[in-house]
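For reference, the structures are reproduced in the following blocks.
The two complexes that follow have chain A in common; it is paired with chain B in the first and with chain C in the second.
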Partner chain A sequence: MNDLRIARTPHSPEVDFCFSEHRLTLSGEAYPEDAAAFFHPVLSALEQYLAGADDCDIEFNFRLTYFNSAATKMLYRLFGLLNESACTHNRIILRWQYDAEDDTLLEFGEGVRDDFNALEFHPVALGLAAI
Partner chain B sequence: MHLDVFSVFRNSADFSGVLFYYNGPLSQNVIATMGETLRHRLGCADAGGPKARKLFSSFIEMVQNALHYSPDAPGYPGEKVGAVAVGRRNSRDYYIVCGNLVQRSQTQRIRDRIEPLRSMTMDEIRRAYREQLRQEPEADVVSKGAGLGFLTLARDASEPIQYSLIDVPDHGDELSYFYIQATV
Partner chain C sequence: MEAAPAVSPGHTSLEVLELLSGHPDLAGLPVVEDGRPMGLINRNLFMDEMAKPFRRDLFARKSCIAFMDKAPLVVPESLGVQELSFLALEQGGKTLKDGFIVTDDAGSYRGIGTGEALMRAVSHLQAEKSRQVMESINYAGIIQKSFLKASRETLGDTLHDHFLLWEPRDRVGGDCYLCRRFEDGVFVALMDCTGHGVPGAFMTLIMTSFLDHVLAEPLRMDPARILSLVNRKVKQALGQQGKPKGALLDGDEQSDDGMDAALLWLARGAKRLVYAGARIPLLLLAPDDGAATFLEGDRQGVGYVDTPMDYVWTNRELALTDGSAVYLATDGLTDQIGGPRQIAFGRKRLAALLQACRAAPMAEQESRVRDALREYQGNQRRRDDVSVLGFRS
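Moving on, here comes the complex of A and B:
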C-alpha cells in the first residue's frame, strides 16, 4: 500500500508513515482545530496497513513535542491499533523520543507503556535541538 | 479612547503582572499565532522549560475550549469571541485566565465537571486523567476531548482551578460568561 505523508503545520504534526519499510514517524505538535478530522485518515491508513502486515518488525517513532487533550484521545486510539496488532501478528517497537527536560511527556509515555503492554517501549531522551 | 483611561488600563495590567492579553474573535489561526507570541513572551520573561510548556498547554486547552463550545457572540453570527490573559503572580507562579460565552443550559454541566477537580489531590487528578484516557471516546457526545481538557488543566496547575459563571446582561436567559483561571 502507499506510504502516508502529511506535512506539518503550526498546529498539526508531520506524519511520515513509510509502510513499505515498516517505519512510522509522527513529529511536531498536535492541536488541530478538529482532532478527529485530522486523525481519522491517519488511523484508517494505519488500520489498513496493519491488517495486511504479518510477522513484521515495525518501528513507530513518536516525536510529538506537544498534543492537546483532543489529540491525546486520538493518539490513544492509534496506540490501541498498534497494541492489537502487536498482540497477534507483528513485533512493534515504540520509540518514545522526548525532550529530556519534559517530565510530562515521559510520564505520559510511561502511561502508554502500561496501557499498551504488547508494544516494546523504548524511551529516548533527546536534547530539544534534536527534535 | 481617553489617554488617561488607557493609562489606568495599562497601569492595572502592569500591577496584575500581565504579560499577554487578548480580547476578540477566536479562530484556529488566531490561536496558533497567539500561542507563538505567548511562547516568545514567556521566553523573554525567563519562564523556560516545564513551566512554559504547562502554560502553553493550559493556554491551548482554555482558548480551544472557548472556540469549540462558545455560542456565537450576540449580533455577530458565526463569530466566537473570548478574552485571555497570562501573567506573573509572584516570582514563582504564573496565572492564566480565560473568559468566554457559554449557553446557560451548559452551566450546570460545567460546574459538575470542574467542582470535583477542585478538591482532588494531585495523585487523584493523575489517576482520574489516566482513567478518562482509557475510556471509550463515544462515552461523551458533547465534549470533543471527553472531559480530558479540564483534567489536563488540573494536572498542569499548582493550585485548584478557579472559575465563575455570570449571567450576561440582557441575555441572562440564554447566555452566561464563563471565567476560568489556573495557576501554573
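Moving on, here comes the complex of A and C:
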C-alpha cells in the first residue's frame, strides 16, 4: 500500500508512515481545531496497513513535543491499533523520543507503556545537542 | 464602480491616445457601442503599440478597437464582491491589472471597476467578517464570565486566602470552575473540558449544569460518586456509550468529549478535605518547610467514549493542618511549551515555584504564577486554556 505523508503545520504534526519499510514516524505538535478530522485518515491508513502486515518488525517513532487532550484521545486509539497488532501478528517497537529534561513527556510515555504492554517501549532521551 | 470616460468604435486611435494622455489615472478605457460594452483598451498595451514604428501613421485614423481586449470581464452591478473576486481570479491577472466593465442587469454599460478597488472591497469584507466573529466571541466571553461570577464570589466568601487564575486561550474556553456553599461546608470543582474556544465553552455549560444537578442530591461529601454520576449523564446525553471498536466508528459524527476534573469537599470546621480527581492532581504544600506533595487522581477522564459507564472514581481524604496550601491546575499550565528547550512547563517547575513563594499571600502567589508562565512561554503561542486555583486553610 502507499506510504502516507502529511506535512507539518503549526497545529498538526508531520506524519511520515513509510509502510513499505515498516517505519512510521509522527513528529511536531498536535492541537488541531478538529482532532478527529485530522487523525481519522491517519488511523484508517494505519488500520489498513496493519491488517495486511504479518510477522513484521515495525518501528514507530514518536517525536511529538506537544499534544492536547483531544489529540491524546486520538493517539490512544492509534496505540490501541498498534497494541492489538503486536498481540497477534507483528513485533512493534515504540521509540519514545523526548527531551531529556521533559518529565511531562516521559511520564506520559510511561503511561502509554503501562496501558499498551504488547508494544516494546524504548524511551530515547534526546540531549541538548540533538534538539 | 467608477463612472469613467468611454469611447465608441467610431473613435479613432488618435482620439483614444489624446483621451488617455488627458486621464493619466485611467488604466483601462471601455469601448461602448449603443450602450453595450464591446471591449476594454488597456492603457499600457495601447501606448506600447502606438509607440512602435509606423503604427501611429497606420492606425491613427482607424477605429480604436484595433488594440482593444475583446473579452474583458463584464459583470452586472448586482454581483456580490465575493463572486466578483472569484470571477476576477479565473481570468488570471488581467482583470486585476486592467479592471473590469460593469453593466446594469440588462447588460447596458454603467462604468468600470479597477483591480485596486476590488482588492479594497475584498479586504474590507474580510475585515468586517472577522470583526463580526470576534464581536460574537467577545460577547460569548462576557456571558461565560457572568456565568462563572457566582462561583468566583462564593470562593471569595468561603476561602478567604485564595486565588483563582483563569485565562481562556481564546476569550472563551473549556476551563471552568464551580464553587457552592452549603450549611455544612463548601464544594469546589476545577474542570478542563475537551476543546477550547467556543466548543470548549459549550462543554463547560453542559458540565456545570450536570454538576449542579447532581449536587442537588445529598452527595456533596462524596466527590468520587459525583464524578461517576456526571460521567453517566454526559455519556447518555452525548450518546458516548459505544465502544470504540478498533479505531474508527462508521459515519463518525459521534462526539468523544468529556472533561478532566478535580472535585473537593471541605467540611465546615473540620481540618480535612475530600478530593476526587479525573486526571487533575492536587498539590499540597504543608506549612512551614513541609514538602510539596502531588495527590494523583484517577487516570480516567469523565464522560469520554472509552470511560466505562459504571467507572468508579476514588475519594482521598487529607488532613489540613493550619497554614497548609492546596493547589489545583489544569494541564494548560503544566503542558505549556516554552523555556530554552521549548518543552512543557511541567509539574516540578510548578511545585518549585509555589514552594519559593509559599509564605506570600495567595493574591501575590497568583501574580508569581502568572509572571512565571508568561516568562516561560516567551514568544511561544499559548497552547491551551490555563486555570490555577490556590487556597490556604
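One rule holds for everything that comes next: the second predicted complex is superposed on the first by the 128 of 131 C-alpha atoms of A that agree within 3 Å, B and C clash if a C-alpha of one lies under 4 Å from a C-alpha of the other, contacts with A are read in each partner's own complex, and residues count from 1 in each chain.
Just so we're on the same page, a contact is a pair of C-beta atoms (placed from the backbone, for glycine too) under 8 Å apart; a residue touches a chain by one contact, two chains touch by 3 or more.
Note that the structure is predicted; figures quoted are calculated from it, not measured.
Superposition of the two structures on chain A leads chain B and chain C into a clash. Ranked by how many residues of chain A each touches, chain B and chain C are led by C.
After overlaying the two complexes on the shared chain, residue contacts for A:Tyr31 are found with chain B and with chain C alike. In the overlay built on the shared chain, the residue A:His40 is in contact with chain C alone; chain B does not reach it. In the superposition on chain A, A:Thr104 makes contact with both chain B and chain C.
Of the two partner chains placed around the shared chain by superposition, chain C is the only one that A:Leu78 touches, whereas chain B remains out of contact. In the superposition on chain A, chain A positions 10, 31, 33, 36, 66, 68-70, 73, 76-77, 101-104, 111 are in contact with chain B in one complex as well as with chain C in the other. Residues of chain B touching chain A in their complex: 28, 31-32, 35-36, 49-50, 53-54, 56-57, 60-61, 64, 67, 130, 133-134, 137, 144-146, 148-149, 151-152, 156.
Residues of chain A touching chain C in their complex: 10, 29, 31, 33, 36, 40, 43-44, 46-47, 65-66, 68-70, 73, 76-78, 80-81, 84, 99, 101-105, 111, 128, 131.
Partner chain A is touched in their complex by these residues of chain C: 192, 194-197, 244, 246-248, 252, 256, 260, 299, 301, 304, 306, 331, 334-335, 337, 341-348, 381, 383-384. Chain contact summary for the complex, chain A toward chain B: residues 10-11, 31-36, 66, 68-70, 72-73, 76-77, 101-104, 111, 115.
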